[in-house]
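To keep things simple, chains are lettered A, B, C and D as they appear, and every chain counts its residues starting from 1.
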Amino acid sequence: MEHVNLVHNIPFFSIFIAMFSGIITPLVKNGKIAHKIHMIMVLIVMIMSAILLMNVVKNGESFTFMMGHFPAPWGNELRAGPLEALMALTFSVVMFLTVTGGIEFIYHDVVPEKQSFYFIMMNAIFGGMLSLIYTNDIFTAYVFIEIITIASCALIMAKGTAQAMVGTTHYLVISLLGSGLVLLGICILYSITGHLLFPQIKESVMQLFQSGEYSFPLLVVTGFMFIGIAIKSALFPFHSMLPGAYQSAVPTSSGILSGLVLKSYIILGIKLIYSVFSVDVMLNLKILDILFVFGLAGMVMGSVYAMRETRMKRMLAYSSVAQIGYIYMGIGMASRIGMVAACFHILAHAVTKSMLFLCCGSMVETCGNKEQIYYLRGAGLRNPLAGIGFTVGALSMVGVPLFVGFISKLYFATASIYAPGKMAAVLIVLGISMILNALYFLPSVIAIWTPVKKEGEEAKKAVISPAFGVCIVLFILINIGMGIFYRPFISIIEMGISLLQ
Amino acid sequence: MNEKKTFWQHLQAWVNGEEAILHADEYIKKREQPHQKRWIKKPNMQRIKENKGLYWFLCVLVSLVFITIMLLVVSHLPTFGQPINPTNNEVMERYLEKGIEETGAINFVAGMILDYRAFDTFGESNVLFLAVISVLILLKRDKKNINAREDRETEEDERFDRSDHKSILKIGAKYLSPVVILYGIYVVLNGHLSPGGGFSGGSIIGAGLILYAAANGHEAMRRFFTFKTFTLISVGCLLTYCGCKSYSFFTGANHVGYEIPKGIPGNILSSGFILPLNICVGLIVACTMYGFYALFTKGDM
Amino acid sequence: MNMELSTIIQMVLVVFLIASAIGVSVTRNLFLAVIVFMGYSSIMAIIWVFLESPDLAITEAAVGAGVDSVLFFLTLKKVHALKGTREG
Amino acid sequence: MSHLLINYYEAASVILFGIGFMNLLLQNNLIKKFIGLNIMDTAVYLFLAAKGYIFGRVAPILTNGVIDADYYINPVPAGLVLTGIVVSVSVTAFSLALVQRLYKHYGTLNMDEIMKLSREREGE
């Protein structure tokens, strides 16, 4: 009997614990117990991911894990390295804080007998995201993409209002379009390479690329898969599903969907770039340039849409579109440092946007469920913690120093120096986008801190639950902490990307 | 332009600290105006959709371009049905040549999806489980999902179920549904020996249950199949599945533990975990299919 | 070009498949659309027998032509799109 | 062009995918939208299944005791398609349930009308 390396089992354990807790949840009828199960599960995964992260960083290694008795081209595989472990850790932290902080919204918006079902979806979506992070097999990725699609639709419509149903339908149709394209891409890729696992496909793709055989199918395949992933992660021209869905969903769901789910598809995309198609092929096929252009367009257009919006949740949704644009711009720069900036921005946006949605939900609740920014005037004074959280998030998104959003923008600007021919575009659009960000975030920040006097109605203080308070404080601390001590994150991401190649 | 100017003025105003409270109302109103103008100015999806002809033209164009590109791709793809194609490589050879020895299943497809690539299949049964839970969230009656008209219709349906109006269906179902269910069970149990397996057999069993329920009404069904049975069977089977697969993944990856006896290929009791897994999948699928039917007709189980 | 009989049959089936897909798209009657879609699934099952994949054929026949259609019909009934069941 | 005639399954599946795609985009009626989605999915499965076929070989189930890779067709696509069919039936059931729920709230199946009604209600 050989020595069992338990650390290498962590990816497998994380996925199976998440799935397992999803499966057993229907046995409990009570939403509170279901929440406890979920919380324990996420905590376990968080601890395990931290251990995994420490180990892989210490050893500077990445490893594959065989799912079953059969080695690579025959069986499924998982793969973990510093980047994957860091993402898993961040996702579990954000998941834990968002769900714990937003638990009151769930109890309030979801009917009691369906709360346990809501947590099944949470567990499943978490398992699905972990699988997308760790997977090393393209068809497994497709299956888990579908799991995430169904679960995220369920999270949106769990509120049960008519508006939520419309939002879900829109979201469902567009995401299914995306998964259809990904599936078609997988099929053509299989038919020209004959493999389903990343390393083997990469080998065949390199051979095909060098020999020039099947060059047109290869181009189309790459295009389809990245269009599919772009649709699923709401890159600019495909963003129309986001505002309706996020506006009508429970704030907790919106936070998870915007902060984490969109990012999990992008992480899959990054893995595909490095471990399947390789940067050289992608550059040669000009796919990265196209992503770069759409990223730039998204940065500007998302902000422009957000400026026109008067409802806060929709504004946040459009702001997500802009931030997704930043990430794609970083990916499109095709340099190592651009990719590092993109990965760091994934973390930054996950940490910030979830907090923004929670605070926004809390303030909307304080002001009698009116979403227009106009009605939210003075919300920050009546609900100070949510107001502070929103302000911190907004400043971070605008890119004020000390907050995490600043670091990623700094790195984007630095990366542009290493991207010949793209530098001017990056710097100009980055500047425009930051001004636009400030233009739509700052008025709403000022609005929520503006005292408002209304006759006949006294401004009552909001009652916030201790869980919400603790989570928002933690979010703020993480935000500032990552904004000041960003070095270790950058070095882990750099190590992870170099190991991914 | 006008909009931009006012925006700039307001920007100046609040930088100087004069504004934000006083004119906020007007400011919001002014921001709402371009919101309505937007439909005209921008090539918005909604605007195009209202203009039917253009929208049709665009969609047909996109689809035709798509089809053309794809036909070009197909003309570059490997020739249909040739043994030298890239798909027919060492992966397939091992599945076919060592499959029986390594999995014990005569049906290579069953061996492949339940042993070699079992993680995908685990995900797939989770998709099914999630779908039924989502349908449950959507359609189960609660205080946000109540409609007087629908209640009336359900009541009418139940009265119709109790009456003798559908004697042909009843007699047909009486003789047919046991046969259908029996065939489904056969397909499930022979999943590793013949075409079929957990999923197709489960759907057939589910179809038999649906037939029985359609003929005899939900009351008859509820005598032996309630929401509780459904939960217990689905969760139990998925847990068994999860347990079996975790065991084989863990032992496989770490090279520890006992090998599951494969039995003699061709026997019913052979091929390790594949038979129990097929039974689990079959039960899950049967319950799920019937669950879909019950939720779609009655909004309850 | 001399072709075997089975190739011709398969080509005819494929043509039927495309025809029924177009039929589903152009018909205005939802009931008809679902019926044609059932036919589409059955043809697909036959094609999979020709492609030597009996597993898929059984599954598609049970799911595409069976359960899927039941779900579609139940939905049509619920949304009052079926004639003779209940007035809308 | 003659290559397309030889690869007629792939060509047909691509056309079907296009038809399904068009339905998903064009149809206003939700039920037909989701039928289009189903057509799109099955088209991909047809493509994949055609990839596994090899002339003159038999289905991947042990026949006559022959254990030889040159005797059977490729079992991998069949397995993938099986998984795919399950996924697509789950998605279909989910989307139809959504259609029922939408009808309950808005009394119509037309997506444009639903969007219009939803905007009007939101404006109130």
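Observations
Here, a residue touches a chain if its C-beta (ideal position, glycine included) is under 8 Å from a C-beta of that chain, and two chains touch if they have at least 3 such contacts.
Please read all numbers here as calculations on a predicted model, not as lab measurements.
Set side by side, C-D and B-C show the greater C-beta contact count at C-D.
The distance from the centre of chain C to the centre of chain D, with each centre set as the mean of the Cα atoms, comes to 12 Å.
In terms of their C-alpha centroids, the spacing between chain B and chain C amounts to 19 Å.
Chain A and chain C have centres, each the mean of its CA atoms, that are 39 Å apart. Centres computed as Cα averages put chain A at a distance of 24 Å from chain B.
For chain D, the set of residues that touch two or more other chains comprises 8-9, 15, 17, 19, 21-22, 50-53, 59-61, 76-78, 80, 82-83, 85, 87, 89-91, 93-94, 96, 98, 100-101, 115. Multi-chain contact residues of chain B (touching two or more other chains): 70, 73, 77, 85, 87-88, 91, 95, 107, 109, 117, 120, 123-124, 127, 130-131, 134, 138, 145, 195, 197, 199, 292, 296.
With touch defined as above, residues shared between interfaces to two or more other chains in chain C number as follows: 53-55, 59, 63, 67, 71, 74-75, 78. Checking each pair of chains for touch leaves A-B, A-D, B-C, B-D, C-D. Here chain A touches chain D in the complex through residues 139, 143, 146, 149-150, 153, 157, 162-163, 165-166, 168-169, 172-173, 176-177, 180, 183-184, 187, 190-191, 196, going by the rule given at the top.
Of all the residues in chain A, the ones that touch chain B in their complex are 1-2, 4-5, 8-9, 12, 16, 19-20, 22-24, 26-27, 65-70, 73-76, 111, 113-114, 117-118, 120-121, 124, 127, 131, 137, 139-140, 143-144, 146-147, 150-151, 153-154, 157-158, 160-161, 188, 190-195, 204, 214, 216-217, 220, 240, 308-310, 372-374, 377, 439, 443, 446-447, 450-452. Partner chain D is touched in their complex by these residues of chain C: 10-11, 14, 17-18, 21-22, 24-25, 30, 33-34, 37, 40-41, 44, 47-48, 51-56, 59-60, 63-64, 67-68, 71-72, 74-76, 78-79, 81. Chain B contributes residues 7, 11, 14, 20-21, 24-25, 28, 31-32, 34-35, 38, 45, 69-70, 72-73, 76-78, 85-91, 94-95, 102, 115-120, 122-124, 126-127, 129-131, 133-134, 136-138, 140, 142-145, 231, 234-235, 238-239, 242, 246, 248-256 to its touches with chain A in the complex. Residues 53-55, 57-59, 62-63, 66-67, 70-71, 74-75, 78, 86 of chain C are the ones that touch chain B when the two sit in their complex.
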